[in-house]
Amino acid sequence: MNSNSSHSQSSSNNSSRLTSNDKFHDECGVFGVYGHDDAAALTALGLHALQHRGQEACGIVSFDGEHFHSKKALGLVDGTFGDAAVINLLTGHAAIGHNRYSTTGESGIRNIQPLYADMDFGGFSIAHNGNLTNAMTLRADLVKRGAIFQSTSDTEVIIHLIAQSQKKTFAERFTEALKKIKGAYSFVALTGGGQVIGVRDPNGIRPLVLGRLGDSYILSSESCALDIIGADFVRDIEPGEMVVLNGKGVQSSYPLAKKPERFCIFEYIYFARPDSFMEGKSVYESRKAIGAELAREAPVKADLVVPVPDSGTPSAIGFAEESGIPFELGIIRNHYVGRTFIEPSDKIRHLGVKLKHNANRAYIKGKRVVLVDDSIVRGTTSKKIVEMVRNAGAEEVHMRISSPPTKYGCFYGIDTPRTEELLAHSMSVQQICDFIGADSLAYISHDGLYRAVGEARRNKKTPQYCDACFTGDYPAELTDNENKRSGDKVTDLRERRASKKS
Amino acid sequence: MNSNSSHSQSSSNNSSRLTSNDKFHDECGVFGVYGHDDAAALTALGLHALQHRGQEACGIVSFDGEHFHSKKALGLVDGTFGDAAVINLLTGHAAIGHNRYSTTGESGIRNIQPLYADMDFGGFSIAHNGNLTNAMTLRADLVKRGAIFQSTSDTEVIIHLIAQSQKKTFAERFTEALKKIKGAYSFVALTGGGQVIGVRDPNGIRPLVLGRLGDSYILSSESCALDIIGADFVRDIEPGEMVVLNGKGVQSSYPLAKKPERFCIFEYIYFARPDSFMEGKSVYESRKAIGAELAREAPVKADLVVPVPDSGTPSAIGFAEESGIPFELGIIRNHYVGRTFIEPSDKIRHLGVKLKHNANRAYIKGKRVVLVDDSIVRGTTSKKIVEMVRNAGAEEVHMRISSPPTKYGCFYGIDTPRTEELLAHSMSVQQICDFIGADSLAYISHDGLYRAVGEARRNKKTPQYCDACFTGDYPAELTDNENKRSGDKVTDLRERRASKKS
Amino acid sequence: MNSNSSHSQSSSNNSSRLTSNDKFHDECGVFGVYGHDDAAALTALGLHALQHRGQEACGIVSFDGEHFHSKKALGLVDGTFGDAAVINLLTGHAAIGHNRYSTTGESGIRNIQPLYADMDFGGFSIAHNGNLTNAMTLRADLVKRGAIFQSTSDTEVIIHLIAQSQKKTFAERFTEALKKIKGAYSFVALTGGGQVIGVRDPNGIRPLVLGRLGDSYILSSESCALDIIGADFVRDIEPGEMVVLNGKGVQSSYPLAKKPERFCIFEYIYFARPDSFMEGKSVYESRKAIGAELAREAPVKADLVVPVPDSGTPSAIGFAEESGIPFELGIIRNHYVGRTFIEPSDKIRHLGVKLKHNANRAYIKGKRVVLVDDSIVRGTTSKKIVEMVRNAGAEEVHMRISSPPTKYGCFYGIDTPRTEELLAHSMSVQQICDFIGADSLAYISHDGLYRAVGEARRNKKTPQYCDACFTGDYPAELTDNENKRSGDKVTDLRERRASKKS
Amino acid sequence: MNSNSSHSQSSSNNSSRLTSNDKFHDECGVFGVYGHDDAAALTALGLHALQHRGQEACGIVSFDGEHFHSKKALGLVDGTFGDAAVINLLTGHAAIGHNRYSTTGESGIRNIQPLYADMDFGGFSIAHNGNLTNAMTLRADLVKRGAIFQSTSDTEVIIHLIAQSQKKTFAERFTEALKKIKGAYSFVALTGGGQVIGVRDPNGIRPLVLGRLGDSYILSSESCALDIIGADFVRDIEPGEMVVLNGKGVQSSYPLAKKPERFCIFEYIYFARPDSFMEGKSVYESRKAIGAELAREAPVKADLVVPVPDSGTPSAIGFAEESGIPFELGIIRNHYVGRTFIEPSDKIRHLGVKLKHNANRAYIKGKRVVLVDDSIVRGTTSKKIVEMVRNAGAEEVHMRISSPPTKYGCFYGIDTPRTEELLAHSMSVQQICDFIGADSLAYISHDGLYRAVGEARRNKKTPQYCDACFTGDYPAELTDNENKRSGDKVTDLRERRASKKS
């Protein structure tokens, strides 16, 4: 049944994203604090440090021992939670928060997380980074049994699973619900009992780390959000692990059957902030290593190595160091372009990428330039950048990409175009090179990428990642997708979303 | 369990109502249209005509044959639905709407009606005028069975009852749900099948009328909302009747056991607009008849009959005609005072009633004045008005009230203070007269009121009203209230709300 | 030179006035307080009581002995000054305020009064009710001498006249400026020396009264604004009089040559609030007297006297009393329609007058109805009201108007259509009667009007008013208008404005 | 005398700048277009590219041959002018625009440029980058002669000088006005005749360049704003030169007496965007050259060269290249911190610099780090950054600054603290080193700076800059400042502003 889509909230701002940068996008960042008087203020700061994981909306739910308090809003963290008056209403020693990247035109505010529900045993709030691959299937079943959904979010499924569970304790109910869901998830949750809970899916696809600030414990998508509040990094939460933070400290358990670890390799390439550590490895260091590997795999005679700002910078430094070609800021970024440029004029729109980037003519003119970027998705931005660099007088433009060709869509919480829209799905590297107008184009090889990021993982037996976007090898079952193919009337919300964007 | 109250939405506007006029307040107006291309525009106009029944928030849900469209907002109807761009998004040939009077500080936007839910069989939306007297009891049970409530509204109970019903057809499910609820209700609902449904509770406590505009059918709380769109009044919906408006016209049924008819007599006294007809009788005519009856019951030698604007005007005209004392606008109302004056300065606050009313000195000075008002609730406004009239030079001030003393709170959808706060609950008429500082005070008698409003009902066998606010004789069971008294942990949301307001 | 019009402020809200009620409109109310710690709060209340004189914008300027403080905004007084935080910034013991009715699309915020200027001798602020009839002529001359105008307001002329004066004292400068201006004006001004000054033009066309609250003095357009703050009415300011309120009390002087007193008679008919006294006479009483005179002049056999709400009510009561025909609220007004209904949908627009008024069918059906209204301007509203009353079943509809036919535009601060657009300018009474579809139509006679409002003026020798809108006899020279006719390039801002509205 | 300050606009947003980055700040960017149908759209883009020169407010005035159109607003360019509806109102083939950095609490919207005035000869609009050093002195005189100022902006003085000029032609009037003003200015102006005019002060302190786009001509503070619209760079406007852009092309004249060229050297160090060319030299190249010079002047044994993002990056690259020490992103910037973080909570405030920067621990730990920044103003940020880098495990922290010590305030349009607040005014380099906690600190020498930026100027005879902030040698007279010292009652607005901020 697809009544889910039948209720649209009228929304007056139909924004078109001028500055959408033709990248894959992380859909969420999560953060939680237990045991600090300023739990909400710390959570606001944590979300601010995780802002790169989602800029569309943010929310915080706190618990003061008796009542839950909630504030959710569209826009950046500092716009809402930079206001002391807002923070002061979010009282309590425990809080969780969420940044969201993306939404559909039809969902609006009701999909902002953390979600909250009153249940038989009290209040419950949850924030989610990832995507459940059997959410639609579960939802259809829950609706048949009388559940009323308020959002189109896959995350709401877990709330109804808990609410309908007939188990006695909250822990049993939550575990029962977790056993039913599939896909990628790093949850932080807050219970009426005042506990903060973190869970990572059995493949450990999305990140989640544990930190400590004095007597308080912290959960965060990335370690950079521990730094902002001066908290210490303790460890990564393990795949399939559940941690409960309460007055007794941190209790760890493994309620779910073990699966092979498959951490998202794209976190190293693009999603994570370079100052974060993930699975024991510095993201910045990984990117430099990828750049160096790329310089070895695909060397080129050139005068300058120029990063496509800002994501290409660490790989470009690595490439420059390895190749001995000077590193220069050959493209200057306008720092005042956010990712949201609402309703631009058509007159502005056609000028495209220049709103954001400008060639640094003084250095480009007459030079052979190596551009380093992290990925090519649809290729539109790359094409414009190559053209801009040529127009600034470059003699040659060589593009080097710090990921293998992205050929497959992601079902684990990353916003990607449909597979058919991915340039590398239907074009060879040479065809892409021609399309973007470069003199040469090279991607890092799959093996090269593993070599680059694998070094820091030598203590683990089988270094293995989720690299489905390059290989199509999806570690967690795509139940909704399969049901859909087999003719079931399960609505794939993600599909609908994608089609809306075109 | 009272977890219901444990989730507060942070709200930045703590409004205090300066101009709250010490009246009972209707909590809602409902409106619905089936079979018109401009269903939402007509609904907006209908709600505008019903604005006196609720000024705090308004909402419209439409259905276009495939999708539901919804817009809800705080504030007056014209503020939101006076905008063509908003109306144009609410496409479809069927729509329902709702005006709300009152809300608690802790509920905000999520309580605005019409409520909407995706169910197994499709979308469902409902708007409610009235109050369910067993909502908390039902809610506690539903939550135990896994229902997740999104609002603190009693109306949401009916949605979950429908969702959890195991009956096959929507009609059976709705009927099953109706059989479980108690209290006062006039519902208008909109189904995924595209039908508009109206239901009135078995006692017929709250009003609901049927109208027709060409081939379209209309449901409305009052007939004045038919006039605004040029629709014809067809008839009152009967107590306990359900009407279904669809492509086949109007189907009527009586799914509930019959009960004695007990229409709210206060609709005649104050709530309804004077140009409406209710249960076959003109509201304006009823008020004039009450005024005339009052002149006979409590005559007084005086020079002027002065209405307390604006609700006292028809009764004052009736009083003046019957007594032969001239009718004069001895109190002038400032038309630019809405019912909401957000965050007034303390310096303004103490000036109180003058923001709204001023004595017309030219006519008051040296005169014996009869003031006619519809009711005295806490007495604060009456006291100030008597004082203002005296300060303007009146020799005598006689107060006449067109209702009997209001001694009991209402549980059927009217916002009243708690019984203990009602002046007439603890004071005699003479004590009230002394409190407000009048030279004399008289209320219409209970029998006089029935005589005045009963004339038009002579064709019905037992003319009987809900007059519980005067008598304490509540026609529909007060289940939640009784459960609460008997020690159950049922939270009385209404109580909590009342206490917040003080 | 007409560069004045060459600078447009882009404005995003192009409002169309749905509820414009086809009346003449007063363009301003003014208020001032000297000698009270809460001067701004009192001014806010005064402006609230004068809200009927202008609803588009409002402003207050206060002086704290050292600094001026200013707040001006579009919208109603309570929207801006109902906020204690705003009032608290307007410190000082002296304040002046202004309500504005009307603006052009091209002026926006910079035309909101009080205007303020830094001058050689200190700050100066002024608020104006009226219109200067030689403003454009003076302005052209001032611009030639280097003055830079910031608004299109005629009021700004007086500021530049003061600034450019070479006299030594402020009093001399102000007097010199006053001697140059012509037309209608009631000024309240605030000087850097901390004085509040009131001036009324030599014909006394617009009203201005003096009040007292303890040791403080008040200036106000109408006495009703004294009542709201509990101040006593002292007297009308005389035509041509200047009063200075300062620490020494009230100093009166007559700096201008005397002219015949010509108070605007339309203040009695429509503009003023009925609870105000003007030139010694109650406005309510005047309106009743006009109604009674009308009943004598134009009697009719009928069953009901029905006021067109709300302005027709006092005259209707007077008509009913004199004629013996019962007074009834045969037309019900929706109290939730303000005068601004921004961007209504076209679907709503065509429904016209019903948004505001509804016939009270119960009383209209089968009756002969006398409608009493204060004026007919373009006739569009009257036509709709007659039609509405007929559709509600009236057997006969007789229209009685409490003013003579309005044949000429006003140049003294009232917003009127151009002379050519006035129905009575080109139609006979019978033609107008046919146009609006009434069974009979009568206006009060010119003599009858004088009789009705003259009674209270028997102590004055030659009771004479400005009645130019009926007679074309303009008491103050129309310099700009004449210059324009004689081919000079003086821009008539009023004309331009009028043409924009069509 | 100083009534200028006596009029405060009540402002509700008292923002405190959390993220103020302890730098000198440019106060303005200007842009103008003549001869393009999309003049306003091009201007919006130009202002966007100049956003780094002022983020507080922006405005555009266009001229369509008959009317001027204006839009000004607080906030970033894309927030206001990213909206096509706004741009579409700004019709015409000529437009000028302005970005403003800084304002006083008391000025608000009326100080936003371009300023506009109606004059005898028509409309006139002007935008200004710089500061007039005799504005207060001229203003006092103008006010005495009847001028009424609307802003506290020094720029308004030039408008009144033009308005009061008795010369016949506009050109003569403008020239007369220019001859009276002193200080630093790059003006772009727009006249009722439809010309766009650019003027640069005789010392050429602030930049202004000429560009061309097809048949259209452009004026801009920096060449990077030509790139964004694809315009060609033509040349720098010369010191003391006036250019008039109209239908005949570009007319150049030199109305003012020649003075020694003294371009602001800090434009190279910090203000300008690295992709701009100024006075024939690439800003990026200049910064790299400064870094290289610094490496030669103040070498240090270290493992990493780390820029303080983002302004230190080009110098750091230059330092790294020259020294052979690897360049690394050892400090990561959060891209979502704007320069305005309104009303942060105190709980957030104390966390200070981490909101914006985080140490990249993976690379810092155990390393000897050279930090490269462009300047130290108050030293608070530097102190925090050194501490952050140490806390991340650095063994040594050496600070290198790409400007000489900033010891004197600027009077030419740069927002600097008062001289007394400048760290280098009262501390030696060693004391500053101790204060910020570095292991060593070196500034580039004055000679070294000239060497670094001088290379590109070898064709000019006496390469000389305004370097008053290092030397106290002010090229243009500080008239207001001297008048103030000599006891005159001239209000120094800049001083007042500074004191408000503390």
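Quick notes on this one:
In order of appearance the chains are A, B, C and D, and numbering begins at 1 in each one.
The rule is simple: contacts are C-beta pairs under 8 Å (C-beta built on N, C-alpha and C of every residue); 3 or more make two chains touch, one makes a residue touch a chain.
What you see is a predicted model, and the numbers here were worked out from it, not measured in a lab.
By count of C-beta pairs in contact, A-D exceeds the other of the chain pairs A-B and A-D.
Spacing of subunit A relative to subunit B, judged by their CA centroids, is 49 angstrom. Inter-chain centre distance (subunit A to subunit D, centres taken as mean C-alpha positions): 37 Å. Residue positions 85 of subunit D each touch two or more of the other chains. Chain-to-chain contact here is organised cyclically: the chains close a single ring, every chain touching exactly two others. Contacting chain pairs (ordered by label): A-B, A-D, B-C, C-D.
For subunit A in complex with subunit B, the residues that touch the partner chain are 1, 3-10, 12, 66-71, 85-86, 89-90, 116-123, 143-150, 159-160, 163-165, 192.
The residues of subunit C lying in touch with subunit B in their complex are 18, 38, 41, 44-45, 48-49, 51-52, 55, 76-78, 82-85, 87-88, 224, 227-230, 273-275, 277, 282, 284-285, 310, 313-314, 317, 321, 326-329, 332, 334-338, 341-348, 351, 354-355, 358-363.
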